[in-house]
Amino acid sequence: MKHNGIITPMITPFNKKGEIDYAATETLITYLKKIGVSGLFPLGSTGLFPFLREEERKKYLQFVANHASGMKIYAGIGSASTQISSDLAKHCNDLPVDVMVLMPPYYIQPGQKEILKHFDEVLKNVKKELFIYNIPQLSGTFIQPDTVLKLKENYSQITGLKESSGDMRYFSKLLEFSGPDFSIFQGQDDLLLASLALGADGGVCGLTNFSNPVIRCYKAYRNGDMAEARRIQFSEINSIMKVLNADRFPSGYYHAFYTRNRIDGGYRSPMMEPDDDSKKHSEEFLSKLKD
Amino acid sequence: MKHNGIITPMITPFNKKGEIDYAATETLITYLKKIGVSGLFPLGSTGLFPFLREEERKKYLQFVANHASGMKIYAGIGSASTQISSDLAKHCNDLPVDVMVLMPPYYIQPGQKEILKHFDEVLKNVKKELFIYNIPQLSGTFIQPDTVLKLKENYSQITGLKESSGDMRYFSKLLEFSGPDFSIFQGQDDLLLASLALGADGGVCGLTNFSNPVIRCYKAYRNGDMAEARRIQFSEINSIMKVLNADRFPSGYYHAFYTRNRIDGGYRSPMMEPDDDSKKHSEEFLSKLKD
Amino acid sequence: MKHNGIITPMITPFNKKGEIDYAATETLITYLKKIGVSGLFPLGSTGLFPFLREEERKKYLQFVANHASGMKIYAGIGSASTQISSDLAKHCNDLPVDVMVLMPPYYIQPGQKEILKHFDEVLKNVKKELFIYNIPQLSGTFIQPDTVLKLKENYSQITGLKESSGDMRYFSKLLEFSGPDFSIFQGQDDLLLASLALGADGGVCGLTNFSNPVIRCYKAYRNGDMAEARRIQFSEINSIMKVLNADRFPSGYYHAFYTRNRIDGGYRSPMMEPDDDSKKHSEEFLSKLKD
Amino acid sequence: MKHNGIITPMITPFNKKGEIDYAATETLITYLKKIGVSGLFPLGSTGLFPFLREEERKKYLQFVANHASGMKIYAGIGSASTQISSDLAKHCNDLPVDVMVLMPPYYIQPGQKEILKHFDEVLKNVKKELFIYNIPQLSGTFIQPDTVLKLKENYSQITGLKESSGDMRYFSKLLEFSGPDFSIFQGQDDLLLASLALGADGGVCGLTNFSNPVIRCYKAYRNGDMAEARRIQFSEINSIMKVLNADRFPSGYYHAFYTRNRIDGGYRSPMMEPDDDSKKHSEEFLSKLKD
């Protein structure tokens, strides 16, 4: 079955001590349901999964999966270790998770054949659907189009991918693999409309953690209102991103969520609160949002 | 006290199932003692630390520290998570470890202030010396010279660094911080002699896992025999590296160690055995080594 | 007045001795008129302007401007030297040229203020419209969006730009400057449809030198037939580009033009004919084209 | 015959109108003779050759060659055009030039086979020695070691190279080609000592345009005084470079030459005078120089 719509790469809210804040997570999920998000993606890069221990990750995935309010769950099981990703996969088999999301191992940089091996070993433990996650600016490695094709053809569990490189020529090459059994999502909010125009099925868009322009842009496009979709893409989405990009990713997303929800939240080390200028600039912007 | 000499960034030997092979580790340590290595660096990048679980890392550090045969122990405590690095530091406080080695967090790419925070939090748990580890091609981030200077000046435990970027202009900038209380090691075997000539204290050289030219090059330089040091650097060290670089790092080092010690070793996933051509080329080369 | 449509970055046909072939140039122009190109861009990167002497460039611009058959002329006046670009501008003032096209100087890499100075000095000699040309992969320098904005605001002659970086996030930032007096063209054929969807005015597309899918894609988009535009973008345009990219830019474009027009053309040194495999693959592809 | 010593990549002095200042050129040559430079390299990158017209280049090479005061002349004949480089070579055949210096064509980025063709065609016109010039950060292309080897083996005129990439691992690979008939020069002042230690024959060092530490460092090394060579490399050479690097290359070198010689010099467009902060910082530094 085809996936589409807007998925939220969820922040993982923390309290002042840097511990996971489950109440704030419920606040977030309630908001996402309200604005019309179609899927939740906990423990992606925005969710700072590398800063969490394995047990924390399992508990958090369980919590989100059990509070999904009908939205689909795309659970991040990425790790530098094939074994840890495999264990996270086994854990997700027993949860109400719809799709697992797996990236190549990182730090030690794999070649394409090592990427294939990593996916092969993890997939032995996956009893649900799995999405490929390409994010070379963090993982250090591009998954070559040929590798994507091999994965897609060899494993029936693989039903889609999230592509966050920001490189539209590469994205175009992957779009050739799009089909009824393979869904393709753009992972960069500022490339959403261009991607939809080329045939992407949806977006995994971080701005939804605290605002709804991405949702409205997607709906306008699906309703054939290209002018309105374009207006939102440029005047709203790209404008917010400029403000957030003044901070080091992803602290701006955390600050924006805390600010809009009047939560006295924290930052897990070594992530730090945005500096005063960034916060001020961001807060002025957030005060004008209306959803 | 000043550190110097050649330190080995140890491979972590595995058996065919991908489990740590402790007997092979003893074989390795015995060899390193024999060829004149001055320090052991377990669980650096060559040791594939990101593929090991935290408990495996603790057990392995304990084993190596307890079998060091008088060589100094430089224990890798790097992680994408500040908390895990802190826990590894606490563990090492109770072991016969001389120096801990810490890199910036990776995947989520820190700014310089986040690097400072990461080091600050981990250092609260470090009761021994600590070396800074710069390896931007894997960690994704350069530690700026100013950040190195701040760390050196603010923390008495910090007594040196390993620099593996391969960028000699950057390395030159760090050498300005060299002094009786701050030792600087080159982490790339093919830049050893150039680094010593500029005043580096020593090298962290992977080729020592299975051969001794690096040791002989270091001694020739220290004895003032520049011509011999240069001959070894070009004709032996650089030649071996070319052969090993045909494989994806660090599988060639594992294969070379297994081959020279007639060990039927394995590779932890997703690392793979070098391909047949690489193995053949490497084995021809290894058969000529004599130490 | 607004510019739009598809402009051809013309190859400069050569004979076997590497001299400019004017008859073949007429053949090319006749073809471009036939397929519906709206503008000719002689002596851009595809036209290999850096391989031509200044006098050759002047003569060639004059020839093309005088044989334009009603298509607009966008004349490339780029150079590493401000003085040479200025002299080319003076030359174009006296020709039936509509727009001059200027890039930052290259080799010696300018900062943004040097780019502004270069444009300022050349513009003193420009009595027509001028387009900014951004092509950082060849010129070595990105023109920052702020610099584009300053140029646009300070010089009434500047009425548009050609953007060939291939970076859609950068392109999106420039699209914010789009307006009735400022036209924006995508310079990469494989990003044409995405760019039109975001509001670009047209494309400067090398494939038109020997084929018409780009023209049909543009028309389909303008007619609101998104499905057909998408089909052409993926199945025709991107497919041809893959074949041509097997050769070193831009030799594949020259070979394709010569082949389709049964011209026994040549390559100015150091450009070389594509290798036999590339030629064969390309010729198979070209034999199926029908326009 | 082997080349060695320190060669100066000469600035091309300009007057306030941006015209070449021949009197200042004589001042420069007199200074270079005095401090012990062994060769003059007019019209390299520091000499801003791409900003000069072909006729200016010929005249300037003639002037410098005729005023060399016994220093060897290494004449820059680089161009994006094979034809222009060939014509410059023919011109140099008739001048008291010792060596011509040729880089790959730039802007249009050649592959290795196009580089070979470029050198082959130019060399047909070269009746003297020729040096290969590698400077990928400006030319856009690395000359691969295999290509260097082919050039060295196929053309008896080729007797050396200048390597300015700043990449010591690449430089190490080229040093393997060093021999009685092939001299290798380091083009980055801050890598001089490391390069000499590895066996380089000398340096092409821009700081000599206005100061002598590079000369003293070279002599100290040749005299076996490694400690003094190291002191000069770090405390003098690297310190000056930091100051000059605050400006956009190469304007700081021009400003330093003008300042030390009390010349009211200028900058050819689009090069600009360093900004006030850079000038002040540089002048403080220059006032302490003593040669």
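To keep things simple, chains are lettered A, B, C and D as they appear, and every chain counts its residues starting from 1.
Quick note on the criterion: a contact is a pair of C-beta atoms (placed from the backbone, for glycine too) under 8 Å apart; a residue touches a chain by one contact, two chains touch by 3 or more.
Remember, predicted model here, so these are calculated numbers, not experimental data.
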Third chains touching both chain B and chain A: none
Chain separated most widely from chain B, comparing mean CA positions: C
Chain centre separation (chain B, chain D; CA means) in Å: 38
Distance between the centres, which are taken as Cα means, of chain C and chain B, whole angstrom: 50
In chain A, residues with contacts to at least two other chains: none
Category of the chain touch graph - line, ring, star, complete, other: ring
Contacting chain pairs - touch in the sense defined above: A-B, A-C, B-D, C-D
Touching residues (chain side chain A, partner chain C) in the complex: 166-169, 172-173, 175-176, 188, 190-191, 193-195, 197-199, 226, 230, 233-234, 238
Residues of chain A defined as touching chain B within the complex: 45, 48, 50-53, 80-84, 105-111, 113-115, 117-118, 121, 138-140, 248-250, 268-272
